[in-house]
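I have a structure I would like to understand better, so I am pasting it below and will then ask my questions one at a time.
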Amino acid sequence: MTAKPIVVLGVIGADVHAIGNQILEHALNDAGFKVVNIGVMASQKEFVNAAIETGADAIWVSSLYGHGEMDCRGLREKCQEAGIGDILIYVGGNLVIGKQDWENTKKLFLNMGYDRAYPPGTLPETAIKDLKEDLQKRGKSRWNWPS
Amino acid sequence: MVVKNQCLDLEVFFKEREAVLKGWPTGQEVDLEEAVAYHKNLPQEKVMVNQLLSARRENKTLIQPRAGVALPEQHIELLKYLREEGEADLLPTTIDSYTRQNQYEEAEKGIKESRELGRSMLNGFPAVNYGVKVCRQIIEALEVPVEVRHGTPDARLLAEITLAGGFTDFEGGGISYNIPYAKKVPLENTIRYWQYVDRLVGYYGEQGVKINREPFGPLTGTLVPPSISHSVGIIEALLAAEQGVKFISLGYGQNGNLIQDIAAILSLKDLAEEYLKKEGYQDVEVTTVFHQWMGGFPQDESKAFAVISWGATAAALSKATKVIVKTPHEAMGIPTKEANAAGLKTTRQIINMLQDQILEQTRRMDIEREIIGKETRQILDKVLELGEGDWAEGTVRAFAAGILDIPFAPSKFNAGKILPARDNNGAVRFINFGNLPFSQEIKEFHQEKLAERGEVEERDVGFQMVIDDIYAISKGMLVGRPR
Amino acid sequence: MVVKNQCLDLEVFFKEREAVLKGWPTGQEVDLEEAVAYHKNLPQEKVMVNQLLSARRENKTLIQPRAGVALPEQHIELLKYLREEGEADLLPTTIDSYTRQNQYEEAEKGIKESRELGRSMLNGFPAVNYGVKVCRQIIEALEVPVEVRHGTPDARLLAEITLAGGFTDFEGGGISYNIPYAKKVPLENTIRYWQYVDRLVGYYGEQGVKINREPFGPLTGTLVPPSISHSVGIIEALLAAEQGVKFISLGYGQNGNLIQDIAAILSLKDLAEEYLKKEGYQDVEVTTVFHQWMGGFPQDESKAFAVISWGATAAALSKATKVIVKTPHEAMGIPTKEANAAGLKTTRQIINMLQDQILEQTRRMDIEREIIGKETRQILDKVLELGEGDWAEGTVRAFAAGILDIPFAPSKFNAGKILPARDNNGAVRFINFGNLPFSQEIKEFHQEKLAERGEVEERDVGFQMVIDDIYAISKGMLVGRPR
Amino acid sequence: MTAKPIVVLGVIGADVHAIGNQILEHALNDAGFKVVNIGVMASQKEFVNAAIETGADAIWVSSLYGHGEMDCRGLREKCQEAGIGDILIYVGGNLVIGKQDWENTKKLFLNMGYDRAYPPGTLPETAIKDLKEDLQKRGKSRWNWPS
């Protein structure tokens, strides 16, 4: 067996929504990932540092409280500056303020450099499946996922 | 730092005050004497305490939304709409998350962006940045009382500005606005900050101005057993009373089992009054607040209406003094004003239809009340013991020891060892007690209740149940049954 | 004409049948033997009786909408949508008002206009005009049982066609589809027509085909006291049983007071079984139907959602076998499919959240059950007495004498002397008893209850209360208080 | 005191909704009208005959059940044929099928020759006020309305 892929997980900005974060950690663990959970109220810098320190394969950013648009802008650039510009970055939660058209919101975040964006109420399974595929595409197909 | 449950010395208070008011330029607008005069000139119906006490007297349940946007004109328009179209009895001003973290620079950016885009880029109203005058515009534009609702660990400046601004109710507390709302702010700090807020309210009171204080009942909003939130609420009531606060609303977040929810509201008032009396605070008026389900909501609006209605039902049947209303947009994002009014109207209709209906006390309700009473007393008495008679010290030590413990909370000062789950009838019980100081009798009660569910579902009582329960209401159930 | 409660002689029945089938050309499509074979080939889950009995066994409450449009393709699409998006357990086919009056020519015009305009110009599905084959298209397109719901005084041809068409449940009865639905059709006629329908169902039963029959519980839908609708429902059950019907669902329209509504559903089943046994019908299975508030609805959709939720709550807590669901468009007009699904989803969420919750029997509930039981027995026993042992004759004479009397009904064969109004807790009582054969004890009970309300409202008990109560729910209240 | 103005009241077509009809009768009586209530399931002919027989000043047609559009067409013409072409005719209830734009529905019925049309949920007071005004305009101001 090879080493587990590593995901840095956290809730960005001044956001304290902790429940989804705890469930995502649990689900990623169950799915065979190593999770580095930096918890709520995490700054962009903390995400980048954690990713560098642990040699992470992906960053999962949550934003629930509505300031996602302001908080998430620039994370891709920070990663590039830190030399991990091509790391997978996913984002999910209640990303913008109010009930807005999801396609617009998705475009907004993809344009900011996020690889994938998930609407409110996404179940962990959905995104974990995507992550496995994305990692496989990047040549990391050798991992043995628990079935 | 050690914090004691002692009424702050006025000199100390005023000294601290100077520093607090320097936190942002608008602090300089606050003139206490002038503010007292302003309050005394407010029409009686704009004073929260008057509305709450008359509702309590008449056995009525008042309805109140959550609402706050970045721009004052839009905020006032929103509140007016919720009053007129939504038939709200009481109004809120929900504060944005930057202000809650005292990040006034960020809030300023949010205001700017909002002005440019013409829509709110903040998730609430940044009252500190706007200052006293703009707050008063809000109060003057509306005919009912307005409460400050937020989630701010250090709300000293916010309290100074909004109370001088004519708000007559202030939510929060040193525990309830820390553990669920912060990651690494020490409890002794927030208890101290909130002693300041309570002292300020006490001071207004001494000048003849009635201001209501409301600890935040629901905490993390997700499967919080009643005795946990009751313990926190009662401690915050005691700490507030020590600072001279005379009017306290204690809250509770709906769990969904009707009997448990009614028992919770009834016991909350009884227990609070019991402890306040016992600790020598004879003249504190306690009212109650029922929060419609605070956890994850269904995305489907029709289903959200059902959850809202069920919350309104429990609020009405428990005769809570007021109910805080959710909206059909809850799962999606901050509601439009129409969605907000929709939640209010649904609630209004239920409250009105149930106004004259009475649910008798039953044996099951008695059992729930007794259980909640015993648990809460066991926790509180242990807190006092740990504090060697001091509620403030006791609280800090109790959290460190896991004697007080809030499920799913983000704070590192929370033990996070207890685990709640629903029993077979949907009442919230404990799977893990962590270090809660419960008697064997209590523990067995919970174990039996959960074992019953385990048998029905033919699975072990464990973490998967918790996960299923967290999702359950949003997926259209109460108990998270295995699929 | 005199009508006797006697099982129709098969020869008489088949003779009558020939004439009935000539009522409209599609009558000729009906072949009983072939229809029996068709039913026997239906998948078990499409048979209403199976669904109802298993729900009753598991203490579940099923949900069912009302729905019907003029064009078959659109009708099928609508029902599919209500099943898939609305999560309906059982489906209906609501028949249009022309067909209900046997005005098949008018219905034909309605179909034509609908085809031309591409939207339904009829308020239901004209099943007779379409005939057996189209009915079967409906049944085959859906995976759950479908019931015929209408309001037809003479439903003989409709029953022939829809039952041959594969429907497994048929609503109505000689009283409940006459007095609230007609102006001048004699009762003896409709009782006789419905003996035919029941005999047809009995005949299917004798061939091994299970068809459910459902008297229409809510009558005029407006402040009907439980003992009135219970008496009618139980008489129709007895009349049906005599014709060989073995599966009966008895309905009740929500009144809004939770205790009275739960007591009504519980007592309905008990009383029906009591009378069926007493009259020698040992093997009839009784299930119950709870109708969400059938009177005037609020126009505001958020408020309508509250009324729907409250109905779902009472249905779930009373453990009725099924609940008939209203929609947020109720006050405005026949709902769009989206609005219809919305009502279902709200109901589904409430039913699910309450599925595992139990409300204990309380003293008040016992009192209500007792009162309903006494009143119903006093009425029914008098009916039997008037009929000299014959329920059919007794019913005709009882209506003539005002012993049976339905509030606000349009039929000239209804005395229209009783007057209902809400008491101070919203339960429906009698202001005027007309000629109801109630004991002094019962009358005093109602008078006291209403006097209590009069005192609270400081006004006389009288017709103005009735008017206020008729409007109350649509204006956001339960009890119509004076303004 | 002069004679009371007379209103013929009924529910048209195969419609059996009786509650509103009973309330309207009560309200018109209270307001000082003489009401000739022909009840539910009234045909156009019955309306016209009742109006002629009683020398009515107005006809109030209710339609609740959705077939109003089909049932109400032609009533004005029947009145004209019967020589009472200028009688006031009001219509109210749930006039069409479904929740439709009220302005369109109103136009539809005014074009059919109804003097006034009322949306669902209209309170009797509203229409009674209009009726008094319309009658006054027609020179019937001498009636003494109870206050």
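Letters A, B, C and D mark the chains in the order given here, with residues in each chain numbered from 1 onward.
Please note the rule applied: a contact is a pair of C-beta atoms (placed from the backbone, for glycine too) under 8 Å apart; a residue touches a chain by one contact, two chains touch by 3 or more.
Everything quoted here is computed from the prediction, not taken from an experiment.
Asks: Given the touch definition stated above, what is the smallest step count connecting chain A to chain C?
Replies: So the least number of steps between the two chains is 2.
Asks: Moving only from a chain to one it touches, give the least number of moves from chain A to chain D.
Replies: Contact-graph shortest path, chain A to chain D, evaluates to 3.
Asks: If you average the CA atoms of chain C and of chain D, how many Å lie between those two points?
Replies: 31
Asks: Taking each chain's centre as its mean C-alpha position, how far apart are chain B and chain C in Å?
Replies: 46
Asks: Centroid of chain B to centroid of chain D, CA atoms only: how many Å?
Replies: 55
Asks: Strictly by the criterion at the top, what is the full list of touching chain pairs?
Replies: A-B, B-C, C-D
Asks: Which residues of chain C touch chain B in the complex?
Replies: Of all residues in chain C, those touching chain B are 256-259, 298, 300-303, 305-307, 309-310, 312-313, 341-350, 352-360, 362-364, 424-426, 473, 476-479.
Asks: Under the touch definition given earlier, write down the residues of chain B that touch chain A in their complex.
Replies: 97-98, 100-101, 103, 106, 109-110, 113, 119-123, 151, 180-183, 220, 222, 295-296, 299, 329, 331-336, 339, 408-410, 463, 467, 470, 474
Asks: For the complex, give me every residue of chain D touching chain C.
Replies: For chain D paired with chain C, touching residues are 13-16, 18-19, 22-23, 26, 39-41, 65-67, 69-70, 94, 96-100, 120-121.
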